[in-house]
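In the two assemblies presented below, subunit A is common to both, partnered first by subunit B and then by subunit C.
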Partner chain A sequence: MSDRSRASDSAISTWFLRLYVLVVFAFVFAPIIASFVFSFNSDRFPTIPLGSFTTKWYETIFADTDVWDAFARSLTVAAITAVISTTIGFCTAYTDFRYRFRGKGFYLGLALLPPTVPLVIMGLAMLALLSRINMSGQVYSIVISHVVLCSPFAMAICRLRLSQMDPSLEAAAWNLGASQWQAMKTVIIPFCKPAIIAALCLTAAVSFDEFAVAWFVSGLNKTIPVMILEILQGNVDPQINAIGSFVFAISISLVVVAQILVMTRDDKGRKS
Partner chain B sequence: MSFALPGLLWQLLFFVFPMMFLIALSFWLVKNYRMVPGFESVNWVKMYTRGYFWDAYFYTLMLAAISTVVTSILAFPCAYALAFKASPTVRRWAMFLLIIPFFTSYLVRAYSWQIFLGNEGIFNGLFSVFGFGPYKMLHTMFGTMVGYLTLCLPLVVVLQLLSLANVDKNLVEAAWNLGCGRVRTIFQVIVPLAKVGLVVAATFCFILSFGDFVSPYYLGGSKPPTLSILIIDTTKSGQQWPRAAVVAITMIVTLMIVAFSAVTYAYARRTRQ
Partner chain C sequence: MNAPVLVEFKDVEKRFGDTVAVEAMDLQIRKGEFLAIMGSSGCGKTTTLRMLAGLEQPSAGQILLDGKRVDTLRPEERDTPLVWQSLALFPFLSVVENVEFGLKMRGVDKVARRERAMDWLGRLDIAEFASRSVDQLSGGQRQRVALARALVTTPEILLLDEPLSALDANLVVRMQGVLSKLQKDLGITFVYVTHSQSEAFAMADRIVVMSNGRVEQIGTPEEIYREPATRFVAEFIGTNNIVSGSVTSVDDRHTTIQGDGVTLTATNGSTALRVGASATAVVSADSVRLNAAPSDAVNQANQIVGTLVSEAFVGSVVTLLLETPAGEFRVQTRQRDLAQINLEHGAKIALSFTPEDVFLLPDTREGG
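Let's turn to the complex of A and B:
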């Protein structure tokens, strides 16, 4: 093959690959964009061409007290879940960072495995157990299950941050007479602060979006995703796009904030 | 060591214990719509002798396998382009954008495909302009696959990208300099070097697809049902929780076997260097 044909060959393949990447991203974001666009569409059934612009679906959901109740419940569950699972995740990450002990592999497996269990199975197991001890169908039943699912993500984020820390910093604090708690408070937690906030945001997003386990254990205390799930089982209802756009806006904001915090570099106390 | 306790206690109490309870539950009986503790094999026998259970089992296995192959293949050129052809800035932005949907309401994203795939949806609208269609896409296996891709594609691209980014560029260039063609370099140099990451990505895809109920139900029409749908039906409509537990345990065991085989395969030494 001559050099020129080889060069044009690679130019074609580069253009093809660029186009391909764009198609993949279009596929990934098409449903989010469509949901947003059709939430303002006047037709009951989604068809092309679009009907006229309307805000009536938003007006319907704003007037619906059930939606408000579910929304408030979702926010409450997400906030409490975020605080508990970030605390647990941080403690687990610190344990992994600081200590070696027998059975550590098992310990870490336990800490990281829950998200790999299918949600339906997790939902069934939680429902079976919680209803046996009369703890199902409550708002706290959802929180209990969501913490199981969310703390591994918090653990991963905090662990990543700790691995960027110079481990001698903590030892230095100890040598200067700080107790473990003081070193934790003045060295470790300040260094991990961006990761902790990121973990709070990400776990809140996971909890806010979780529909399967919540569907099993929530009973009559529906959260927004459970409400969506139950509306979907009925007829086509454009309200879904309006509620969905809200859910997207909230969870995308949380995930974006979390990612910015994880990615932002600040070099204080970093390993050289 | 007190830092180890919160996580340990919570996961033992609310993760390990419920899973163990599920095993016990599968041996319980249901009498007059109430669950009675016991140690009977009746639920296992009833489920394992039903044709519909095995139909659902092999159908779910097949869907998850197809999803794994299709997603891995479709993700690869994208991950390859981002790993080898894109600037670090573009790569970082791409990762940033791909992580967002993974944590963003999969339920609503899957459902939104109805807008595109319906008989009068966007796709059929476009096809009719060119004089094709309408094609039935919703409530078919194609619909299910679109849903699985919605669930898995962003994650698989990210995981593949991470493993491809770790491939030593010098080895790739060495292959080119020695006259190895582009396609051959991909299959004989890059893929073997990134094997572990690629297999891990595929395994996650299998796990997610195998357990999902949204796509086969809302986009695939639930005909026939998958194992997850079977669990939901058995739990929500009947009071047959013990039988749902049998299905759940069968699923977990299957996933453990698949994950174990995948890891063994990923770390197996190559026979030919």
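Let's turn to the complex of A and C:
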């Protein structure tokens, strides 16, 4: 084979690879883009050719107090869930980092278990438990359920960060006169700060998007995803596209922020 | 030399599960001395240091600092700053904030602690980097930050855990100079853990040689070098030649031992040996003289004929390796003393040494 044909061969495979990546991304994002495009389309039904450009659907949802209520509720739940589950996740990760004890494997397994339970089962189980102790159908019921769901994610992120830390860093703080609490405050938490912020964003995003468990336990306190489903069950309404685009924008920003913070891993602590 | 005792280990033992890291340790560290604890990895030297800093609890025994028992205190309750092997600088703090850390934990106010930290950065010639982030510094500069951070509280004792192991050879020599000078200027006690003989010999007033959790010898570098207490110490000092044999004659001045085809006569030392006892003779590589062997040269008392295997030049010093009936012999000499000697591989060379240069050790391995 001549050099030239070999070169053109590799050029072809490079182009094929690029095309393939493009198709995959198109496949993943087409529904979201479609929903976004139709949210500005004047036609009642999502058909092509498109009608004219309109912001009517956005105006409708912004005028709807039910949507605002659900939106505010979702944000509140997401914020509280993020704080609680990040706290729990960080503490669990630190326990793993700091201590060696019997049954640690079991402890870690248990801590990481919730995301492996199918969401429908989790929602049903949560409803069964919470209603038995008269705690279902409240905003805090959603928070409790979401904390269970989100803590493992927060733990995984904090654990990754702690694994990048030079273990002598904490002992160095004690050696320089810091008590356990001072070392936690002045060394461990500052070192883990990017991970903690990332965990807050990610758990908020998971909670904000979560539908199945919230649907079971929320009762009349609908969150945005639950509300979207209820509107859909009633009729096909382009409002959905508007709400969907809006929710997507919020979640994706939270996830992107989290991702950026997790990716800016520096090995400073390990190297120095 | 007889400064008061600052630290005392009394029959200290440390076990991790079934493994004994340090056992039966009795050690006195004097005020103002530079003490090196030397040994290969896993010998218990770092554990000893960590027990002194309170990062490990002894399983038995006591540690006293300035006459007071400290082994029951938490690390933050002792003033025993440590310079870590990894340096353990705080990556999220600037250079000056790193140095201030100890003062901040002791509640020194902001202005005073900044002033003292800057003072130390100045003493270690790194004041210009004060506001930099730690990872913008070179290895040597980070080393100085670690020193400043440990010394800022003006402790009586500074612990150093192989702090130079990550630096390149040139920088190691320079930092040794910095450390020696610092220790003399401050007049405080340095306890320096290392696996490197050259570091220990270059800086320490006294050296503790450890092996398998036990102290093999405590002495000045001169003593460790010339009069190793055990065969382990003799072997650990890589430049020693070691010949095993049994004592054939003892008179009031000399003891003679017979090894594999060689006879060595030594001036009597502090330990008396009996005829027939097995013993180890130690001849340091730099006390051996070389003579081009005439064809009829034979092995006789304190003369061994060897065959040259290899030579290595490091600056003006040459290390020759010779094959002899008593095993490999290492000889260190100055290059200019080799002028009249044939250095072809396989050449016969006669090695000789005076009885004063032969050091005899009773062989404890067979006895006990």
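Following the convention adopted for this analysis, the second predicted complex is superposed on the first by the 254 of 272 C-alpha atoms of A that agree within 3 Å, B and C clash if a C-alpha of one lies under 4 Å from a C-alpha of the other, contacts with A are read in each partner's own complex, and residues count from 1 in each chain.
As a convention for this text, a contact is a pair of C-beta atoms (placed from the backbone, for glycine too) under 8 Å apart; a residue touches a chain by one contact, two chains touch by 3 or more.
This structure is a prediction, so every number in the text was calculated from the model and none was measured.
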Joint occupancy of subunit A by subunit B and subunit C, clash or fit: fit
Subunit B versus subunit C as contact partner of A:256, first or second or both or neither: first
Greater residue coverage of subunit A in the superposed arrangement, subunit B or subunit C: B
First (subunit B), second (subunit C), both or neither touched by A:144: first
Touched partner set for A:216, first subunit B, second subunit C, both or neither: first
First (subunit B), second (subunit C), both or neither touched by A:158: neither
First, second, both or neither for A:118, with subunit B first and subunit C second: first
Once both complexes are placed on the shared chain, angle at subunit A toward subunit B and subunit C, C-alpha, multiple of 10 degrees: 100
Touched partner set for A:191, first subunit B, second subunit C, both or neither: second
Which superposed partner A:174 touches (first subunit B, second subunit C, both, neither): second
First, second, both or neither for A:227, with subunit B first and subunit C second: neither
Minimum Cα separation, subunit C to subunit B, after superposition on A (Å): 17
Touching both subunit C and subunit B, counted on subunit A across the two superposed complexes: none
Complex contacts: residues of subunit C adjacent to subunit A: 53-55, 74-76, 79-82, 84-93, 101-102, 104-106, 134-135, 142, 149-150, 153
Partner subunit A, residues of subunit B touching it in the complex: 1, 3-8, 10-12, 14-19, 21-22, 25, 74-75, 77-78, 80-82, 85-86, 92, 94, 96-101, 103-116, 118, 120-122, 125-126, 149-150, 153-154, 157, 182, 204, 207, 210-213, 218, 228, 231-232, 235, 241, 244-245, 248, 251-252, 255, 259
Residues of subunit A touching subunit C in the complex: 166, 168-169, 171-179, 182, 186-187, 190-191, 193, 266, 268-269, 271-272
Interfacial residue positions of subunit A with respect to subunit B in the complex: 10, 13-14, 17-18, 20-21, 24-25, 27-32, 34-35, 38, 45-49, 87-89, 91-92, 94-95, 98-99, 101, 107, 110-111, 113-114, 116-122, 124-129, 132, 144-145, 147-148, 151, 155, 202, 205-206, 209, 211-212, 216, 225, 228-229, 232, 236, 240-241, 243-244, 247-248, 251-252, 254-256, 259, 263
